[in-house]
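Got a structure for you, questions after.
First chain written, first letter: the chains are A, B, C and D, and each begins at residue 1.
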Amino acid sequence: MKLSRLRRYPLLPIAVLLAILFIPALFAEWLAPHDPYQSHLRNRLQPPVFWGGTWDFVLGTDRLGRCVLSRIMHGAQYALAISAVGIFVGAAIGTLLGLVAGYARGWTDIVVMRLVDISLALPSILLALAFAAAWGPSFEAVIIVVAFVLWAYFARQIRAEVLSIRERDFVARARVAGGSHARIVLLHILPNVVNTVVVMATLQVGVVILLEAALSFLGIGVPRPTPAWGLLVADGRWLVVSAWWISFFPGVAILLAVLSVNLLGDWLRDRLDPELIEV
Amino acid sequence: MTRPSRSTPLEETRGASASGELLLEVRDLRTHLDTKNGLVRAVDGVSFRLHSGETLGIIGESGSGKSMTVLSMLQVVPKPAARIVGGEVLYRGQNLLEKNEREMRRIRGREIAMILQDPQTSLNPVFTIGNQIVEALRLHRRDGGGKALVHRAVEALRQVRIAAPEERIRSYPHEMSGGMKQRAVGALAISCGPRIIVADEPTTSLDVTIQAQYLRLLRDLQRETGLAILFITHDFGIVAKLCRHLLVMYAGRVVEAGPVRAVFNNPAHPYTRALLGSVVRADTKAERLEAIAGQPPALWGLPSGCRFAPRCPHADDRCRKEYPPQLRVRDEASDHVASCWRLEESHGNR
Amino acid sequence: MNYARTSKLRVLLAVAGAALLAAAASAPVQAAGKVVLALDPPTADTNLFWNGTGERLPCFQALVGHDPITGKYNNSELAEEWSANEEFTEWTFRLKKNAEFHFGWGRVTAADVVHSYELTTGPDSTINSIEHLRAASVEALDDHTVVFRFETARTDYAFQHAGRGSMVVYSKAQFDKEGVDGYVSKPAGTAAYQYVERQPGAGVTFERVPDHWQGAVPDFEMLELRWIPEPATKLALLLAGEAHISDLPREIQADALAAGKAIVKSKNPAMSTGAIFNGMYGKTGDPAYRADLPWSDIRVREAMNRALNREEMIEILYGGRGEPVPSWLMDSRNEGYVPELKERFEGMYGYDPERARELLADAGYPDAFPDPTIPIVSSVLSGNPEFGTMAELLQVYFEAVGLQTEIREMDWATLGNLGRSREAYLISPVRNAPIRPTEAALVNFHTVRGTRYGGYESDMSEGLADKLEQTINPQERSRIAQEAFTYLFEQYADMPLAAVFAELTVDPTVVKDWTFPGVSTNSVSHYHLIAAAE
Amino acid sequence: MRRFLAIRFLQALVALLAITLIVFGLTHLTGSPVDALLPDDASQAQIESLIRHWGLDRPLHEQYLAFLGNALQGDLGVSLKWRGYTAMEVVLQRLPATLKLGGLSVLLSIVVAIPLGVVAARHRGTMVDKSANVVALLGQSLPQFWLGIMLIWIFAVGLGWFPTSGQGGLPHMILPAIAMASFQVAALARLTRSAMLDSLRSEYVKLARLKGVPEYRIVWKHALRNAAIVPLTYFGLLAGSLLTGSVVIESVFSWPGTGLLSIEAIRGRDYPVVQAVVILFAVVFLLINYVVDALYALVDPRIRRA
């Protein structure tokens, strides 16, 4: 009975996420065999243990002799931090504007929706490039880019839902009962869109990890020597022939994490919000 | 209206006109449905017969299994959730349930055609009417080239009294009115010259005058072609106008069957009585019978006894424990049967 | 209608299938006699030389040529001979009489040179060291003699007309007839290769000039420069046989070597590299000067220099193919070379983390400085991936001796902007390419007038540079330059690293050799000397 | 309908205006082209003369108004980096390459995603469905540049089937198009799947079955034709991601399109070209959304005849 109930949960994705993202992110300090920033210049470009390397550097070392495994483990922190903060900011702005637009309608709605249009029509990667060129690539810059890319999607979806929710009886009743607008929005409407926000946010984690990778490739991601996953892959990409492990393992980490997050997101969507459009 | 009484086994419902050929005989058909909430016996031992030129009505609330019965007959139940687990469907002596998909495709449309409830949704919106009829024709009547098929399609439209069929054939469904669409569906059904048409609540979505026209059309078609019609509805009024015999279904079972008049005059099952009562009281289109206390049963976790027991004013312990057998109703019609313990009492009381 | 649709779909599928097959069948075709160079995209992808920063297209020549082996000036290009007056205020160039433009635009005359000079020094010019090219007046004395006059002495004006300098010669006849559009669509040059076409953003193609006026017959019929921004792709191109020469970053040269490719080096060191202390605006009274910068303290500068294990760095960055140098601006081929610096180098700059720590402690680092963080510039953003590695490497060594560091990713424009507003308080990896003549080097990197990126500035460095500019006497000049280099060396004014050759990875089955001196702006030159295998 | 379109058009114009303002502001904040395009040793005099020459010494709002005035007349200025061309010329030179690549990648993603989605819907809830989902997601789970480099190594260097990079005919386009398409497949396949599920549950599919239509025809003709409408709407959203993808993919494959151009333009602070790229893409984005509406009508006769 217990087992069959467990089976209803997407166990594999959850296990993978725990193993790849959460546990390393929380316990990298204790788990990682080496300091991720420590160069062992004498041990540069060591292959992984099964490729002729040593147990000292299980997944080999990079061109400055840093432990690939340790860097991936610490990288999980950045993957998590960038997605969590970036998505939180994007979702918060988007949800707020979506709520206001959907609830207030009229001019507010038009303005917000045009902002959404503008945001969607602007090629985000170019803005990111310009932005990074202006203020220099940094952790904060990546967060801002992520938030900028995401907010419009949240705003659009939430607005659509609010439009239908505000017509429902309990909202009308609350209004008749004399609730303030803020009260109605926060107490009656917001709880009804929380599921959507959660599902969308989950599904964006993969997008954000890949965005970070793309930004790193263009040299506008998190500045080195931060072991962000995207940067690790981008940095090792030249040596795919001779020292493939430098970019391969972070690539696998990205692959598994993004895949699992998406599968988990699918499951959440089915559970929480079957109405959500699948984009 | 009374037909000659024949000695028939009680468990079989008869709906034969003396002249008609026996086209279809369904015996103890059972279909199970796997749902999130567990197994549902959607069709639970349904039997009936259908002769050519005859119209048999199946009546019941939504969810009573009437649609599932005919879908099972044609093996187009939603897979993999639904499984036909037992029974026989004898079409002109051949058991359809033993046929494979390929063979069944030759039966569907060609021998037994179907008209679905809602013409708004049952016509494919992205193809023209002509396209949809020609497609069926091409599948079943390979004789003749493209032109001949188009000609036949035009004929079919003409048969269902659609004006200017040569032009209509190029129309998309959304360009037609609801009534016309349902006629087009009718044309689609008769186009391949089937012997049986199953009409699943074909008039529910039409307004009253159109409904009447449509029923007249069906009757005329039947007269012209000797079709047998299996008419599914929840509307006693229509049954009365169109059918000679009827089955009343409740929760996957036939609870009462017999000649229309006999059932009307002397409804034996409390459910039938309630249905009739609701006809009188409420409008005929009521999909849910408000007059009957309680909700239609959830199809899972049914009572082990009579399925109607929870809503039946006369139910006692036995009703709740044991399903009643089909018993003959003592009236002028020999083939009027019903499944209710109270019938046995009345038998015993005699 | 449906049948039509179905058949359309079928056709579409068939076409797609056929296309895939065709694609599969067409292995990379390589035209016989064509050599393809996979290179970094240039700063300016243009036929208009003065709109670039000095990268010369293979179809052009300048007045002064240089020896393919020694890199010394010679008369292998358009000028037969040149000379300066005693005061070095007047330079006269005599042109070869038989030099001929491509596509029938006629002989090269003095008018072409004056015309080209005007274009190159025009208001929209972005050329390297344009101020050094600019003369007070230019005059064509006759059809084949041009004289440039100056108000002050110009001892090395030939540099501005050599391949590593700043001016190539265009046809005035073409300009008069077609205007700039003619240059944009099909510019006539005078070199052994002539222009064929440019694919915007993709590359430029040239072909051998039939009957070249110098009689030069390059081995390859066609020459294609293909712009490939991504190094991993360059390597792939080379290994797949689609390109035959590439300027691969050194980090992946080993991969190419392992796959049977070869390396062709410039005949001379093409650049010297190192890192500079930006933001040392030390000239008296300069408001931008900040005494509280850690590296304003000479002990910190020495510590930083001593923290570097240059041998290891050269191994990591250049695969061991580089020579440590005591100064990144001083070169034995130029004025003011001080041989002793090389001997003193180990003693003053040698790798000694212990000493570095002591020096830092001595300087009170980190507590004595309001912001002890050392910001290191990485310019991956500008497409200089090797500087990213260098920045990381510097960080590793600095942190090993207890310096606090931070890598700042920025592109050249941002750095230049900071420098222009005198706010570039940063450490930045640099390279000196081409290796500049001493005077230009000192002015550029050690005076207020110098480049935006700046470097160590002080009254002393300003004074010596000024003095050098005003001196004509060669011995005197050499003495001043020596004094300057010694001064800078003792001040730990820079972090010199290595002199490196320009290295190209080539496919030895197609390209046997390429003799080039390594003195031009983009290091390569003498395209007509690319030798085919066999 | 016409009124609706007109209002949409006006709103789009306002949005476009806002976009120019944002782009203008942002690019001018990033630093000056003189710092990007002039060599290291450019003198102060040279820098100042170019600043004047390019009109960069004027106040920002004046520059913006001048830019806007010219833009309204269709003149987006001359490129600072690609001298001899106007900004629009530079962009239009490169646009066909991007459109070709984008078009092929969309085609490829359709060819892969629609069958995946259809098969998944057809076998809903089975292992087939789940595997199709994972396959679709795989392409979306790798950094695009990494996938591109891998494709080059496997198919160009290893197998020699395609050229590694650069401009050219179809063979040159296959690998970059695959790398680009991989990202869209998942979203498209899932959209197709859910649309197909709706479609397969519909009455007309039931009726087609009852008509005796074979299953494959029901799935690929009756159901898909209706379901295809939903993924089509997705292409409107795709326009934005197309440029994002093209920036990365074009760098990896040295494909001389607008993506590569925009990096070069930003690095060179070639304001006019950056503005032209962004404005063009914003216009294309809006245009594609209109085209999608038109396509909608083409597939769905209900809209066509309305």
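Brief remarks on what is shown
As a convention for this text, a residue touches a chain if its C-beta (ideal position, glycine included) is under 8 Å from a C-beta of that chain, and two chains touch if they have at least 3 such contacts.
Keep in mind it's a predicted model, so treat the numbers as computed, not measured.
The chains other than subunit B, kept where they are, remain one piece by touching. Put simply, the chain closest to the centre of the protein, by Cα centroids, is D. Of all chains, C has its CA centroid at the greatest distance from the CA centroid of subunit B.
Between the chains C-D lie more C-beta contact pairs than between any other two chains. Subunit A and subunit D have centres, each the mean of its CA atoms, that are 22 Å apart. Here the CA centre of subunit A is 54 Å from the CA centre of subunit B. If you average the CA atoms of subunit B and of subunit D, the two centres end up 53 Å from each other.
Put simply, the C-alpha centre of subunit A and that of subunit C have 41 angstrom between them.
Within subunit B, the positions touching two or more other chains are listed as 127. Each of the following residues of subunit C touches two or more other chains: 2, 232, 381-383, 411, 413-414. Each of residues 30-31, 149, 153, 251, 263, 267, 269 in subunit D touches at least two other chains. Subunit D contributes residues 11-12, 14-15, 18-19, 22-23, 26-27, 29-31, 133-134, 137-138, 140-146, 149-150, 153, 186-187, 190-191, 194, 234, 237, 240, 243-244, 247-248, 251, 262-263, 266-267, 269, 274, 277-278, 281-282, 285-286 to its touches with subunit A in the complex. Those residues of subunit A lying in contact with subunit C across their complex are 37, 39, 41, 44, 63-64, 132-134, 136-137, 218-220, 223-225, 235, 237-242. By the touch rule above, subunit A contacts subunit D in their complex via residues 110, 114, 117-118, 120-127, 129-131, 133-134, 206, 210, 213-214, 217-218, 230, 233-234, 237, 240-241, 247, 251, 254-256, 258-259, 262-263, 266, 278-279. Subunit B contributes residues 74, 76, 101, 104-110, 113-114, 116-118, 121-127, 135-136, 139-140, 172, 174-175, 185, 188 to its touches with subunit D in the complex.
Every residue of subunit D that touches subunit B in the complex is listed here, in rising order: 202-215, 222, 225-226, 299-302, 305.
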